[in-house]
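Chain nomenclature is as follows: A, B, C, D, E, F, G, H, I, J, K and L, assigned in order of appearance, with residue numbering initiated at 1 for each chain independently.
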Amino acid sequence: MTNLKGRLVLLLSGPNLNLLGVREPAIYGADTLEDHVAAASKAAAQLGLEVEHHQSNSEGALIDHVHEARGRAAAIVINPGALTHYGWSLHDALRAFEGPIVELHLSNPDAREPWRRTSVITPVATGCITGFGGHGYRLAMDAVAHLLRTG
Amino acid sequence: MTNLKGRLVLLLSGPNLNLLGVREPAIYGADTLEDHVAAASKAAAQLGLEVEHHQSNSEGALIDHVHEARGRAAAIVINPGALTHYGWSLHDALRAFEGPIVELHLSNPDAREPWRRTSVITPVATGCITGFGGHGYRLAMDAVAHLLRTG
Amino acid sequence: MTNLKGRLVLLLSGPNLNLLGVREPAIYGADTLEDHVAAASKAAAQLGLEVEHHQSNSEGALIDHVHEARGRAAAIVINPGALTHYGWSLHDALRAFEGPIVELHLSNPDAREPWRRTSVITPVATGCITGFGGHGYRLAMDAVAHLLRTG
Amino acid sequence: MTNLKGRLVLLLSGPNLNLLGVREPAIYGADTLEDHVAAASKAAAQLGLEVEHHQSNSEGALIDHVHEARGRAAAIVINPGALTHYGWSLHDALRAFEGPIVELHLSNPDAREPWRRTSVITPVATGCITGFGGHGYRLAMDAVAHLLRTG
Amino acid sequence: MTNLKGRLVLLLSGPNLNLLGVREPAIYGADTLEDHVAAASKAAAQLGLEVEHHQSNSEGALIDHVHEARGRAAAIVINPGALTHYGWSLHDALRAFEGPIVELHLSNPDAREPWRRTSVITPVATGCITGFGGHGYRLAMDAVAHLLRTG
Amino acid sequence: MTNLKGRLVLLLSGPNLNLLGVREPAIYGADTLEDHVAAASKAAAQLGLEVEHHQSNSEGALIDHVHEARGRAAAIVINPGALTHYGWSLHDALRAFEGPIVELHLSNPDAREPWRRTSVITPVATGCITGFGGHGYRLAMDAVAHLLRTG
Amino acid sequence: MTNLKGRLVLLLSGPNLNLLGVREPAIYGADTLEDHVAAASKAAAQLGLEVEHHQSNSEGALIDHVHEARGRAAAIVINPGALTHYGWSLHDALRAFEGPIVELHLSNPDAREPWRRTSVITPVATGCITGFGGHGYRLAMDAVAHLLRTG
Amino acid sequence: MTNLKGRLVLLLSGPNLNLLGVREPAIYGADTLEDHVAAASKAAAQLGLEVEHHQSNSEGALIDHVHEARGRAAAIVINPGALTHYGWSLHDALRAFEGPIVELHLSNPDAREPWRRTSVITPVATGCITGFGGHGYRLAMDAVAHLLRTG
Amino acid sequence: MTNLKGRLVLLLSGPNLNLLGVREPAIYGADTLEDHVAAASKAAAQLGLEVEHHQSNSEGALIDHVHEARGRAAAIVINPGALTHYGWSLHDALRAFEGPIVELHLSNPDAREPWRRTSVITPVATGCITGFGGHGYRLAMDAVAHLLRTG
Amino acid sequence: MTNLKGRLVLLLSGPNLNLLGVREPAIYGADTLEDHVAAASKAAAQLGLEVEHHQSNSEGALIDHVHEARGRAAAIVINPGALTHYGWSLHDALRAFEGPIVELHLSNPDAREPWRRTSVITPVATGCITGFGGHGYRLAMDAVAHLLRTG
Amino acid sequence: MTNLKGRLVLLLSGPNLNLLGVREPAIYGADTLEDHVAAASKAAAQLGLEVEHHQSNSEGALIDHVHEARGRAAAIVINPGALTHYGWSLHDALRAFEGPIVELHLSNPDAREPWRRTSVITPVATGCITGFGGHGYRLAMDAVAHLLRTG
Amino acid sequence: MTNLKGRLVLLLSGPNLNLLGVREPAIYGADTLEDHVAAASKAAAQLGLEVEHHQSNSEGALIDHVHEARGRAAAIVINPGALTHYGWSLHDALRAFEGPIVELHLSNPDAREPWRRTSVITPVATGCITGFGGHGYRLAMDAVAHLLRTG
């Protein structure tokens, strides 16, 4: 793995993801956000990576976290919640990040309401993983490790 | 009235509503937000309800209030301000609330600029009351009391 | 209350509302139109108002009723049924009425099919009440009383 | 055949169909509406069905006929004329009918002007038969008989 | 003048035109519909034509009048009111009329709300006269006389 | 019946119709494609027609079948499957066929997803039959027999 | 008639109208532009008006003519040719003219290609006359005389 | 792992993917399709799965492969190539498959031309993996193994 | 002429072009595809080029031919038939071809139905020749010879 | 060659083409407009044709040239520059020309900005030649000669 | 200069502008936000104005700053960052400010991605200055001074 | 300042700007175009620049001026009038100019009619200044001086 900005992966969770396990479990599953972060951290550790997690319901706070990751984190994994669809400021913040960015969704937004089919985040993401529930966190860490190895 | 999560009604006011009575009185009237909250509280008390009010110019803070209302408030009355038209994260937060939700607008947005004609909040509201100025707060409390009685 | 054109409220019901209690009770409830009119009349009486009700499946007949209300009724409460979405002639008729107009829907049209999300009536309504079932009739009378008192 | 509401088929003809045989015979053929109704009645009789026919140029009158068919007719065959394209109130009336509904067009609207390509009736029809001229009446009766046998 | 179906001109007025002189005089002027019909009749008489006038708020009744004019009237002058914008059945009825058709508007709809800019009647009209207030009736009679002379 | 190109009817089934009876039986019914072809052949025989059936998941192969039918078959009955919505090459092939063409759908596509509401085949079809399940095959043969008799 | 800027009517003919009588006579008639101008001048003289005519294929030259008419002509009658559909600069020039403006078309553009259905000139015209061929010039002069008398 | 239809994973590659390593290596990388299939097979073997691979430039052939997988393969991993954007027949074929489906893209289509941003396959996929180049094959096998374990 | 991949020109004909001379001769002329290929070959020979021709009704087969041309043919001349409008996979195949590509249409698609006005092939073509009937083949060969000489 | 209006070909160059060889040579090449006209004239001479060339930055002047060509030139070859996309008056002028019209573009507009993909000239052109740089002039003369010979 | 609310100019910088000099210097230049604020303050001082600057990545915080400027600042200069395109709440806040508002962009958004071409801020701005890099701050102060002098 | 093509600034005014001070002073102010040019010249002189001004109502003449500025003027300041919205030929002419281009509007077009919100000039402008009335000329000269100094 390259040594670029250490081995830190910033894991960001957007609005309402703190309700995971509570809100619409038929769509998002019964695991809580803490469960997912723990699984991601464990998977990261096996791949030689370290996870720092932040959740916020405010776009501004998420942007602050992206800015603070500059020069400190090697990659970002982000589940933007509904900001996926209108968070142009978050888009601009991510575009200024130098490392790889993985967009992660637990469900498959294209199979839901029409307004969930447009992502303003995808154009600045290196890649996307959607529809695999909590297992997506493990896949995202695997993808990040690969991108850092080969990037 | 059912006893579900007590008798508390969360009254939420979105961006710029703190300027009520100041901003564009020809459209929104001369009463201040404090006047409206007082009237709503009085009407609620007559109906056996209690009002807790929060105003914020930040979508994130409004979402936090909706989350904190879970398991504590019986209903939400919300005037989302301009977030009505693009607050998809607020939409998701409200969707995860179990009780009735009343969307309230002082003016009639459909009679104004085209961009004010689309509401992303209405699909998750139980019902809407628009165009009756400050009297809308009293109607909303009446509607909430009815919904809690019959819901 | 102002004495403008007496205390009469014209209550208009558009196409298919005569089927209330029969058609799609899961959406519209089990009460019949007669039940709703009786409740509205009772609420009106308590507020010092009198209700005259007409239902028609024909846009032309509804327009005739609006015209006849000119100079006779103080306000109009209208549930336009599907004319909500294309009744431009009804829109013009209501626009020529001098008193307040309340648009009333039992269900929340924005939460249903896309074509039910556009109202050609709202731009000429003073205010709207949607989604509260039969209780909306009582709210509408309350709103009318307020509008006549303060208008 | 099920005995549901007897053997009556309501045959409805929308605006301008009384001009059949007169208006644009190159498109609609030379037979009059009476010719078509007679052929439909004869075909129905052979299938053990009875036809009651109404034509009106008014959407409201057509809706009244649909309402009166409730609990009395087993099926509806309707050629909505130009109401096909904007008759949302007729759509709602048909949706409240319990039996099968066949939408019938003499010509093939999709091969004509663009505005004739959208039908607001089709979503509430069991099936459609278009483009076969007067023979469509016979096919519609055949289809109704089948639907009543198997429905 | 050709003798085709005598010298009768059917003058049709659509929904709400019975309110002329009352509704929005700033847009439509202070003359009543009766004033306009009288002026049209006088102008027609000078041109050797006779006027028969019908006003209705119902599209179905207007269609009936168009049908009855077939083989009896030489031309139609129609102010369709708001049916201008969605009266596809009226469109079909007019299309089946053999003589010239003049579409008449007192105001200039293209200078008003966007939804008033589309006419479904114009494609079946021989010509249109808009924006000249009551004088349009005189121009329309002049145009009809010319069309009948040269048609 | 005219003798034009004998009595052969080409019955074409587009992509995935070989799964009939297997795929989404709630929408398409439990009968297999073989059942439908047998029923169509039987109905055709009673009408003095003969059926030749081909199913393919490839637009190119279906076009080949249409070409081969030229000068050999008297009519085509086609259920284009999802090619209904984008098969412009199939459209062109059918347009070059001289006999009548019946478009057949087991379900009513207009009552399903929006993308199923546009047919690129209908503009080149003589007529369409949709929504009657397997009985549509019988109706289609009846329609073809009529078209050949009168065409 | 008011004395405002004398009795001069500026008659403007846009691109290609110099081909009248030559180009597509089936649509535009066999009379030449000179014929039409002569007829307009004669009609104007009978109404106490005088006509000054200019034709140009250049939008800039037409705008120059509109500017030069300011303070000199009492009214403008304009057939903008295809500039009807995109001549926004001509629109601005006409908007700055103080007298009445009549938009004139020989044919009925709404009955032709879709791109001919949008007029950027109509919103700044007092009224429009379309579809009456050369007779439209006489009607336009009649309308101008009326507008100047009553304006 | 469940034993449902053995351990077979059908790996499908759509049009032009046989050119991988040749076509636009700046976008798609230098590895050939054979390299990717070998890597996928190796990853699958480690997860107890077996890969069967087919590539075709014909939508019809791909549909045939999906049909043949029914009852034989436990899951499908598909890179649909440009059929992603218009392969509605392939969409229908996949919808009839009972096991999980993973949509795989080497590049991130949302960061390319607009027409590559719409996928007609995603609505029937369990999940998607895009933008990770050849490593996506390994992630897809990991995802499939997880889905089969937990599905 | 450069010696790049010899002097071979791949001439490709898409769906339904095998019907040339038969299908809609008013639009496409009376010459058969064989006539056109012979003329193209003769013109090519005069320019020192050799033509290899393939026609197919299947997009997949056409893509196969494009792939096989790689490293073997110097240029491609393609008349894509209706695939012009939706053949995105063919688009991708052509994009991977290194030599010049000429898109050829016998008629002028922009003068026909709206859906024929969009070409998904043009963005990857070096140039286009449309509307010159069979003579287009000669022009295309002339263009190819020029492009190979100067490319 | 027919003798219709002699052997004159009007070659028209629209706005900015006088900058050829100067403006964006990477797209349009290094040859000047004079070079292209000379080449076209030479090619025309070999085909027994004569070229008259005009360039203008004004749509009006180009229309004047088209009008003057009536009855004098046998054909028009036109590169409309950016008027391609909005020159509806030029469209009307060309439509009134009796001989063949060839639309010529040096580059391939469909491979550039979206607004360059719509041509209002193509619907009135006999055929188009795009993307072959200066060689297009030679091809256009060849096409004209063919059209005059066979037209 | 008027004395209205002193000489204070509120300078607001939206999301991600704290990265100026770091993020995409090819587009935004190498100067930091601090450099720009210093230059603006110096230019303001020369014009007798004083600058108060706030940057935030949160729309809510920016709205708070606009509210606090009411009655305290004479003008606002705002670079809204990506909120330019969806910040309707910020729009409402600015609309309630009584003094002049200058919208400032360092780059020219219309020359970038399509989504950057729509500004929801411009309709409430007095004027805009875009595309002049850091020099825009000096121009904005100049414009503000002029507006305060003349407003 | 660089010496590139001397110190000349071409100031261009599009259609109808010669009416400044006359046309709609409420929007555009009472100063005439001559006033604005004098102010611009004075400001330019203070910055060591010289202004050459041309106004035309013809797009062609404006393009001629842009061409003549090539190699002679250092920069262009242009107020395109209504050509802002459809002057694609002017767009192409400006794109071929080597120096900086400033687009100038006296009013703020985004706050007016919808069709004034799209500029086809902005994509080829270095920067824009809108909404500051006549003061915009001074700002534009300041901007040009800066661009020439630093460009």
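Simple rule for what comes next: a contact is a pair of C-beta atoms (placed from the backbone, for glycine too) under 8 Å apart; a residue touches a chain by one contact, two chains touch by 3 or more.
Predicted model only: the values in this text are computed from it and were never measured.
S.K.: Give the fewest steps needed to get from chain D to chain K, where each step moves from one chain to a chain it touches.
M.R.: Step count on the best path from chain D to chain K: 3.
S.K.: Can you list every chain that touches chain C and also touches chain L?
M.R.: none
S.K.: When I count C-beta pairs in contact, which pair ends up with more: H-I or K-L?
M.R.: Between K-L and H-I, contacts are more numerous in K-L.
S.K.: So which pair out of E-G, H-I or K-L basically repeats D-E, with more than half the contacts the same?
M.R.: More than half of the contact pairs of D-E reappear in H-I.
S.K.: Could you give the separation in Å between the centres of chain G and chain I, each centre being the mean of its C-alpha atoms?
M.R.: Distance between chain centres: 49 Å.
S.K.: Could you grab the centroid distance between chain G and chain L? Build each centroid from C-alpha atoms only and quote it in angstrom.
M.R.: Here chain G and chain L have centroids separated by 32 Å.
S.K.: How many Å are there between the centre of chain B and the centre of chain C, using C-alpha atoms for each centre?
M.R.: Centre-to-centre distance between chain B and chain C: 23 Å.
S.K.: Please set out, as single numbers or ranges, the residues of chain L touching at least two other chains.
M.R.: As it turns out, chain L has residues touching two or more other chains at 58-61, 86.
S.K.: Dump the list of chain pairs that touch, please.
M.R.: A-B, A-H, A-K, B-C, B-K, C-D, C-E, D-E, D-F, E-G, F-H, F-I, G-J, G-L, H-I, I-J, J-L, K-L
S.K.: Which positions of chain F touch chain I when the two form their complex?
M.R.: Those in contact with chain I are residues 58-61, 63-64, 67, 70, 86, 88-89, 91-93, 95-96, 120.
S.K.: Hey, which residues of chain L end up touching chain G in the complex?
M.R.: Touching chain G from chain L are residues 14-16, 18-19, 22-24, 56-61, 81-83, 85-86, 115.
S.K.: Which stretch or stretches of chain B touch chain C in the complex?
M.R.: 108, 110-111, 119, 122-132, 135-136, 138-139, 142-143, 146-147, 150
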